[in-house]
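Data block below; observations after.
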Amino acid sequence: MKTENIITDHMTELEAKYKAIRNHSVQICAPLAIEDYVVQPIVDVSPPKWHLGHTTWFFETFLLIPYFPEYQVFDTQYNYVFNSYYETVGARVIRTDRGNLSRPSVSDIYKYRAYVDDQMQLFFKQGLHTIQAISTLLELGLNHEQQHQELLISDIKYILGHNPLFPSYRNNPAPAKSQSAANEMISFPAAVYEIGFEGKGFCFDNELGRHQVYLQEFEIATQVVTNGEYLEFIEDGGYQDFRHWHAEGWDWVKENDAHAPLYWHKIDDQWMHYTLFGLRTLDLNEALNHINYFEAAAYANWKGMRLPTEAEWEIAADKIHWGDRWEWTGSAYLPYPGFKKEAGAVGEYNGKFMINQMVLRGSSEATPTGHSRKSYRNFFHTQLQWQFTGIRLAR
Amino acid sequence: MKTENIITDHMTELEAKYKAIRNHSVQICAPLAIEDYVVQPIVDVSPPKWHLGHTTWFFETFLLIPYFPEYQVFDTQYNYVFNSYYETVGARVIRTDRGNLSRPSVSDIYKYRAYVDDQMQLFFKQGLHTIQAISTLLELGLNHEQQHQELLISDIKYILGHNPLFPSYRNNPAPAKSQSAANEMISFPAAVYEIGFEGKGFCFDNELGRHQVYLQEFEIATQVVTNGEYLEFIEDGGYQDFRHWHAEGWDWVKENDAHAPLYWHKIDDQWMHYTLFGLRTLDLNEALNHINYFEAAAYANWKGMRLPTEAEWEIAADKIHWGDRWEWTGSAYLPYPGFKKEAGAVGEYNGKFMINQMVLRGSSEATPTGHSRKSYRNFFHTQLQWQFTGIRLAR
Amino acid sequence: MKTENIITDHMTELEAKYKAIRNHSVQICAPLAIEDYVVQPIVDVSPPKWHLGHTTWFFETFLLIPYFPEYQVFDTQYNYVFNSYYETVGARVIRTDRGNLSRPSVSDIYKYRAYVDDQMQLFFKQGLHTIQAISTLLELGLNHEQQHQELLISDIKYILGHNPLFPSYRNNPAPAKSQSAANEMISFPAAVYEIGFEGKGFCFDNELGRHQVYLQEFEIATQVVTNGEYLEFIEDGGYQDFRHWHAEGWDWVKENDAHAPLYWHKIDDQWMHYTLFGLRTLDLNEALNHINYFEAAAYANWKGMRLPTEAEWEIAADKIHWGDRWEWTGSAYLPYPGFKKEAGAVGEYNGKFMINQMVLRGSSEATPTGHSRKSYRNFFHTQLQWQFTGIRLAR
Amino acid sequence: MKTENIITDHMTELEAKYKAIRNHSVQICAPLAIEDYVVQPIVDVSPPKWHLGHTTWFFETFLLIPYFPEYQVFDTQYNYVFNSYYETVGARVIRTDRGNLSRPSVSDIYKYRAYVDDQMQLFFKQGLHTIQAISTLLELGLNHEQQHQELLISDIKYILGHNPLFPSYRNNPAPAKSQSAANEMISFPAAVYEIGFEGKGFCFDNELGRHQVYLQEFEIATQVVTNGEYLEFIEDGGYQDFRHWHAEGWDWVKENDAHAPLYWHKIDDQWMHYTLFGLRTLDLNEALNHINYFEAAAYANWKGMRLPTEAEWEIAADKIHWGDRWEWTGSAYLPYPGFKKEAGAVGEYNGKFMINQMVLRGSSEATPTGHSRKSYRNFFHTQLQWQFTGIRLAR
């Protein structure tokens, strides 16, 4: 029957996807020295070996242990080490301690990955993933791993970029992504629009509940802000004038003596920035990178404009160029109307973070292929700069 | 001419209002010992004498100095002492230091008030307040003083309620406000509604820009939650079960060993709470008081409901009973569409705080008469309990 | 009999001493505004009203309650408020919270003093103080109060001297104490010497155990260092050169951006200092005041000398001019050979602090008359500046 | 000539010693996984790779660069990474950041060691070490490396012992060192004694200035305290009774919820401790290990005794059994009479730490062979437990 074929194809596809995604995490770490896998220079950054273990632990804990009867746990102590924030599944290493753990070693973690991947292959062979509830969890695990792939790149950049030797991650620099197309403001009329995930395929629970919103007339830029444009703000004394900033943003500026985006260094009177290819001259045409919400809002304020709301962004998404930077919106991260969190540990995925964070839309050069869509709701605290973040203006 | 009369009346009214409001601040402090005016037990609480000086400084700085040529500054050093957060008007005592200042003395501050009030009388006599821009500032100064009147009561309650002797503020206890009317859920259909300030009279800049919003169908309670209802949550282990809480809320519970609202004490197995009349047995029918956003959200979650958004609240306002408690909403404090902050120091009033806080709607028993309206947008950080705050459920 | 007369005289004397000392505490506070009694700008400073209550609590707790059967406790909650550090006698307000307590009010505390003083008069009338163990405790209580008299002056100076209005404590400035006599280095030969309290009269337990010490040959200055001499150190870049400082001292300099003694202010290019008479031009001939151990040691190091040990100081005491400043020594505060702490709460007086503090010798302009002797061992942590401290050189 | 031969022998010996000591550091690290070289779980612990680099940097900075003209610096950025606390030689990575640096890699650091060792061989070949000033520095460098060898073992134990997997450092457990000989108190009469380094060979500047001290009659134990003896203190409620403790010690107990020495774990009602061979049953006859000064003093106090002073210890050294544990003394770490620090960076070695630390005497099982003598003055802050520390009683 046709339906069967489709299902089978989907299942084969799922297995292939599992292999590809799991392999991609390993590829991301391939250029690292063993030492790079271990450190945690700030609380927001996790050691790369922790990401590799934690994403594996996800499949072990939520798929193999509950659904694969013959599964033998690899090491009972790993649950304590690799649980991130799931209160449902027991005690965990506090986040600030992750960088203090030299063991399990990198090689032990790769063994753990291999072991779980082998078991997952048996799991696939037995067709367990054809059960609806399981395939849903599997999709979640794969999307979870893709999220950690982006975190891996951000964290690796932070680890290497805050080392006084400024080592490169990659040796062959790709040409910097520069903004070629003109940046224009395009208009949308006031109306009731619809936002939220629609269609088939995977999405996170926080995107669900497609719903109507009323938007006032607005204009939005087709391109994100460039380094050169942001430099004008700096040179106009942007970091010295409290009037552009939120009160908490201005406190952040003063406490951190902030005067430029993360990774920018003025050396011998020239602006340089650390990139995955090492320290390089700042490219003025490249999309601005690594600014926090306070900086994004201050810049927009200085321009006499504002950040778009997440609804405006989603409505405009098909007509603007996006995908290079996660774009700070002016929307707080809150539940959509009718939001329901799932029962059990996976219900801790998104809902409990819906406070005191702002929504980012789009995706970035660090986002794995196939892991972006216009309804995607990313979120971070307002002071964080270490993600690949940028600014799009609206008014 | 008729218009003239109206204006004159309005002006006389403004002068009378000035006297009444200024006098009310003094009345609030009348029961205090000198010592009570001085202390600052936590950073969010200001010493009562600071409130009395700061509200006076507002009129001196924004009205008398710029608009009253013959005005002689009372004491040039007071600007440093009584500036709260206006970066535009120079250096200031940092907030955590307010409780370290024994001088100016309470009596000096009352002299300062009398001096400024005398000068304001001359100011009124000369009719300066008939100039539009000035009367706007005057209205702002009076509303500002009313906000500090509510803070005075919250802060006095904190100062006395955290003293091991539990002194009373007032001696003749008013009967506790109890919920008599039945609490029902009333429904509103999905539609485009309008919110924001309309009509004449004063409002803050953050209420301006009346605008359309689309609301899904919703239900909202006609009454706020009582002590008795909240006690059920406590007795059901609400403070011990992470599943009800935001992640940051759960951190707050653990760090503070939280197990009940502020001012609740279990003594000899009986629930007591500190009130402005001293320590008293908890009244189960009274409206719940002094909970933070995390507690409000956890309670709603436990009930299988949620907090209303600020738009839902405003739409429903005419059909629900409100005014006893500031009610936490599920809306982040963000600018309304088209929000513009004013030029100069008064522009620092609201806009720069529009991040990482939640909106509260309504007003409380501590709000001065005439200082509430349904479009009013109050806002506090999510961990704060010391205001007169409560919970209204929605779904 | 003769002996009886002597005892009687001693007892009358003790009662007279009680009255005089108790009254002196009140005299010290006479110039204060009520507000000045309440604040605690840093943890080391206690509110004056706390000192008045705590010294009274000492007599209530250690004399009246255990030894005066008819005594009725003034207020059972005061033990919680006025216990300083005696673990033996129950829970206490943590030190950083003293400045958050507006009650008991100043007037309540004066009532408490009057009540306890009245009861003590009955106590004396009944001759209870003629019992040896009791007269010992009484002497301890009086010396304890004298220690708090010095703390009162230091704390009042800090409270007023850190107020932006710089109020005076006294109105009629006494002429500043200037160094008139020449400062010479006098020598002592190497020998076995004896130190520790000897003779009759009161001393603290930490002075007891007169014992032999071997001292190498040493020289010691007859005078303490003046402001003018210390200014040379400042002008020679003393606060900018790590080589003069202990590692912890240099950390202290950098963390606090230290560049001069406490209370020194350079205003319009002139050195001023805050005194109990207000802000005044620095007198170069006056004894240096308000430096911590790190500064004392760095200065001595810069001079190519060192601080005397406490044994050297005591041996030289009869031949040097002392009494204006507490003088930092190079000796750590440790028990004398054979030191034994007393049983019960009074045993907590000195012994438990014998770690991580340095000994100061002498006495200061803030020490009450009759409360100094050459065997007195004062002690403070190395970073503290708020006492009346100075430097004497040795080599 | 005879003298020449002696010198030559000494010099050959020095070269041999250099090789042996440098090689020993490498041997200590041989059992480590690469990951173990990188982490810094607390500020007092340094990453093993940092120790390997820092000890090498010492020879490069203080010998090769100033005295070996043809020397080419290995990497100019290493000075920034491997300077520990020498202000004289420029900026350095702040101590808490050492564990955030994944680079230089372990293999790079071994290359650095090999490079510097090769250069030192040339240095020896040219006979530069026969110059007196240079051989003195060389001896200092070697003793410095030996100190870091002990730190390496302490730090490795901390890194592995605080890992939830409790990995072993060594696989073949040596039999635990148990106290076999009887523990007796031996007496010394009151007299003038002499302490301080005497004889030939190397010593640190803080041991110099042999001098007379007067000691009262004292008794001292021939053995250190065992685990079993300390367990009695625990079982007697030692950690629950403030009376045994210094005030700062009692604060430490409460803040850290201390209830046993570092590395002790009560598992299934049995006392275990982590050793370099993994988690093992507590041996009651073994010398107590890993207690801080507060614990040592509290134990002695509970026993009705005290810790010996450093002078008592040194006088008694030939008659007591020592060498298993660094023994806390009751002496503060202060300069000996006539102490002079050397000019230049090496003068920062000891003198600037002579404040707020206590002296430890003896040596431990972690001390390298040949690196102990009875005049050795070790020193640590009073709260630190991670060294191999124990207790000897005196009275």
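In this document, chain identifiers A, B, C and D correspond to the written order of the chains, with residue numbering beginning at 1 in each.
The rule we apply is simple: a contact is a pair of C-beta atoms (placed from the backbone, for glycine too) under 8 Å apart; a residue touches a chain by one contact, two chains touch by 3 or more.
Only a predicted model underlies this, so the values are computations on that prediction, with no experimental measurement involved.
A.B. asks: According to the touch definition, list the chains common to the neighbour sets of chain A and chain B.
C.D. replies: Output, common partners of chain A and chain B: nil, no chain qualifies.
A.B. asks: Could you please state the distance in Å, as a whole number, between where the Cα atoms of chain C are centred and where those of chain D are centred?
C.D. replies: Computed from C-alpha means, the inter-chain centre distance equals 38 Å.
A.B. asks: Can you compute the centre-to-centre distance for chain B and chain C, using the mean CA position of each chain? Integer Å is fine.
C.D. replies: About 46 Å, centre to centre.
A.B. asks: So the centre of each chain is just the mean of its C-alpha atoms; given that, what is the distance between chain B and chain D in Å?
C.D. replies: 59
A.B. asks: Chain A: which residues touch two or more other chains?
C.D. replies: none
A.B. asks: Which of the chains touch, listed as pairs?
C.D. replies: A-B, A-D, B-C, C-D
A.B. asks: Inside the complex, what are the residues of chain B that reach chain A?
C.D. replies: By the definition above, chain B touches chain A via 85, 87-88, 190, 192, 211-214, 216, 242-243, 245-250, 293-294, 297, 306, 330-332, 334-335, 337-338, 352-356, 382.
A.B. asks: Okay, in this complex, where on chain C does chain B touch?
C.D. replies: Counting only chain C, the residues touching chain B are 33-41, 49, 77, 80-81, 93, 97, 99-106, 159-160, 162-165, 167.
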